[in-house]
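We just call them A, B and C in the order they show up, numbering each chain from 1.
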Amino acid sequence: MEAVIQILAYGIMVGSLYALIGMGFSLIFSVMKYVNIAQGTFIMFGGYACFFLFGYLKIDPYLSIPPVMVIMFFMGAALYKLLFSRLSDLPVGLRLNSSMLITFGLIWVLDNTATLLWTSDVRSVTTSYTGKVITLAGVRLGFTGIAGMFLALIFVMALHLLLTKTYFGKAVRAATDDAEAAAISGINVHRTFLISCGIGIALAGLAGVVIATTYSISPSGGLPWLLIAMVVVVLAGEGNVSWVFPAGLLLGLIEAASVFFVGASYREAVSLLLFITVLVFKPEGLFAKGSIVG
Amino acid sequence: MVDWKKWILGGLLSIGFIILPLVFHLHSSIMNLLILMFVYITLAQSFNVIGGMALQFHMGIAAFFGTSAFVTHVLWQQGIPIYLAFLAGTLASMVLSVVIGLPTLRLKGMFFAIGTIALAETMRIVVSNVWPLTIYMPVSVSANFTFPPRYYFALMIAVFACVVIAAIKQSKLGLALVSLGDDQDAAQVSGINLFKYKIIALVISSMLAGLAGGVYCYFRVNINPGYLFVPLWSFEPIVATAIGGMGTLVGPIIGSFILVILSDIFALVLGEAHLIIFGILFILVVLYYPYGIIGSFYKIQILFSRIATGRASAKK
Amino acid sequence: MLEVKEIQVFYGDLQALWGITLEVKQREIVSLVGSNGSGKSTTLRTIAGLQKPSSGAVQFKGTRTEKLPPHEIVELGICLVPEGRRIFPHMSILENLDVGAYTIKARDQRDKTLLWLYELFPILAKRNRQLAGTLSGGEQQMLAIGRALMSKPDLLLIDEMSLGLSPLVVKELSRVIRDLNETTALAVLLVEQNVRLALNLSDRGYILENGRVVDQGNAKELSQSDRIKKAYLGAEAVKAGS
């Protein structure tokens, strides 16, 4: 019984971080149909921003979230303006391919810039409360992990509200469904995409802060997180930004269970295998409601 | 139609490379670079078949490369002569391609790409966990290490890879693959059995990658199993082919040259920053020269011929 | 109100429009007819801003629009009901209409416009929380027109309204459009394959062939023209002098 609670607690904790990472990626992929392979690298950059704000300015990592997210938002906007927007005239198939190649090149540029500037050392943010453990219902959970979970939940909810309750959110969802139809309804699609891209990268930055405090960061440490983002998005189904949240939790729970049974070193392999299984048997995603005629 | 010009040029180039070490005494570092370049050429052509022509972005060629290199090494270590071992290794990766190809080739576009990355990464994680230590060949082998056999073996395989590509391009298979890449739905509607051709392309691709793996194993002698599956082996061929020109014969060769030789020179001059420059170069090529260096060359050729015959496009 | 002057449009290397000139005056209903591939849809898309002409001009209420992005053209008062409806399938009817009122000037009047629209198309009111993707063809067309009307346009562009719809539904939609034109001074430029429908509904018409205007005039006169009869009603009809 205690094992079940342990798995649940760990799964939800990790799963909410996965959901957060997935949402950032999904905002770019599902909305604009661009594959941002460099999402993991941006997560690392967010972590570095947090790390240096803490190291040089002694800003507590959780307080550094607003400035980090602002910085990352502008990076995302730049990403759109400089790179993605140049692909907007291409048909969807070429868009996916080209965006994959370009962001793949971007990884080279960014990862190596990071290595050049900050060395390839592995870093993490250690504060006074880093090692603290909270015991809930007999289960021991790391403080930073719980804090990360709450942050992820708050921002995922905020994003959901943004998408459903605001005019901007409707513009995003409209552009996701049909960008041309959105344009002729009066929506400035380019600006909508620009902001969405900014938000997507800002969320990556937030994830970076959480990861810097609970795990560790390094210039080339982005790939595993990218894969998680992709797994979560595939589980949720293409075009479903809101469903990324339960998909992330599901992945977290499955991983927690597998760690319990198979051990931690195969953790990544399990999620990847799940991913491949879903891709093969239900490629439209676990939560997709099938195609809707329109 | 057989393009004699290409065959002659290719022949001359090959002869050039054959004679090179015989005429000049090449320093071991240069030999290393050249052999690595030949491996890259083979891998780039491997990606070229499935990714350059058929535009199915297989981003996990490391799985084939690593499998072959690993199997080759294991057999070689058991005493089996290298030329048999590497054939077995190549066969192993071809079998692997069928096993994973059957389920994954149904996927489209990005999902295929991510699926292949995921598979390669899964293999890397499993392999590095089960065999974390570097495997060494007996001292007798390392002591007898000479470059020439490795050099010529690598060159032979690279030439073979290019010949395969040239043959494909001039065959019905090549036509099918290109039309598949151009417009998958249109190709299907015109009666092409998509799946059959995708599998064929993948098997050929894995064969080439497997051969590269065998060469690499012979070249490095002592290997760390996990390292054989790192994303590098999937990604560099893609960069080489994209820069050089996807779907072209010469593109991967030029791309590999740039990636190995040029990047070494750049590294000497620019130090650490050379990879960043390369990344930027790559992005610019994809943005503005999506057909790569060779591809753009062809496009310019076509443009000139149009102008010459007075049929320049009406568009300003 | 709308003046299109000698626009040429290319799809890549392929020329689709070879110098189209037309106009829509205040309170007019004008139709563009022609066979498939004659450039009708391309003309509408260009006016809406989805295509940019390589030469020529589009002027609306005195402002040059051919270089403007689509959303600014909507702000000026032109709204396109595209071919194939193109409603947002994963959003509800109400949300679709909301998006229609995205522009600043329309957003202020959103509630008022919505009520008015519900009277026009009662079925949209009844089902307003239903996902648009689950609607029938006719309902989707109503929604598409409704969405366009939410932006309070002065000129409505309609592309192939009748495609895939039953005659009854088409009749109803035509009636709505004629009423709108008469009561609210809404000008309409419509593209239609159904020539009879188009010319019955309009004041004036243009015939397009291979990307060029080959005939134009008063709708009634046009429907009697030999060209129309031969192309659309069959050579026998011409001979029979119908």
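The rule is short, and it goes like this: a contact is a pair of C-beta atoms (placed from the backbone, for glycine too) under 8 Å apart; a residue touches a chain by one contact, two chains touch by 3 or more.
From a predicted model like this one, the values you see are computed outputs, not experimental measurements.
Among the remaining chains, B is positioned farthest from chain C, on the basis of C-alpha centroids.
Legend note: the chain whose CA centroid lies nearest the centroid of all displayed protein CA atoms is A.
Centre to centre, using the average C-alpha position, chain B and chain C are separated by 52 Å. In this assembly, the C-alpha centroid of chain A lies 32 Å from the C-alpha centroid of chain B. Our note on geometry: chain A versus chain C, Cα centroid distance of 42 Å, whole angstroms.
For chain A in complex with chain C, the residues that touch the partner chain are 167, 170-171, 173-174, 176-178, 180-190, 239, 292-294.
Across the interface of their complex, chain B is touched by residues 29, 35, 83, 86, 93, 96-98, 100-102, 104-110, 112-113, 115-116, 223, 227, 230-231, 234, 265-266, 268-269, 272-273, 275-276, 279-280, 283 of chain A.
Here chain C touches chain A in the complex through residues 48-50, 69-71, 74-75, 79-80, 82, 85-91, 95, 98-100, 102-103, 106-107, 131-134, 140, 147-148, 151, going by the rule given at the top.
The part of chain B that touches chain A in the complex is made up of residues 55, 57, 103-104, 106-107, 109-111, 113-115, 117-119, 121-122, 125-126, 129, 184, 231, 235, 238-239, 242, 272-273, 275-276, 278-280, 282-283, 286-287, 290.
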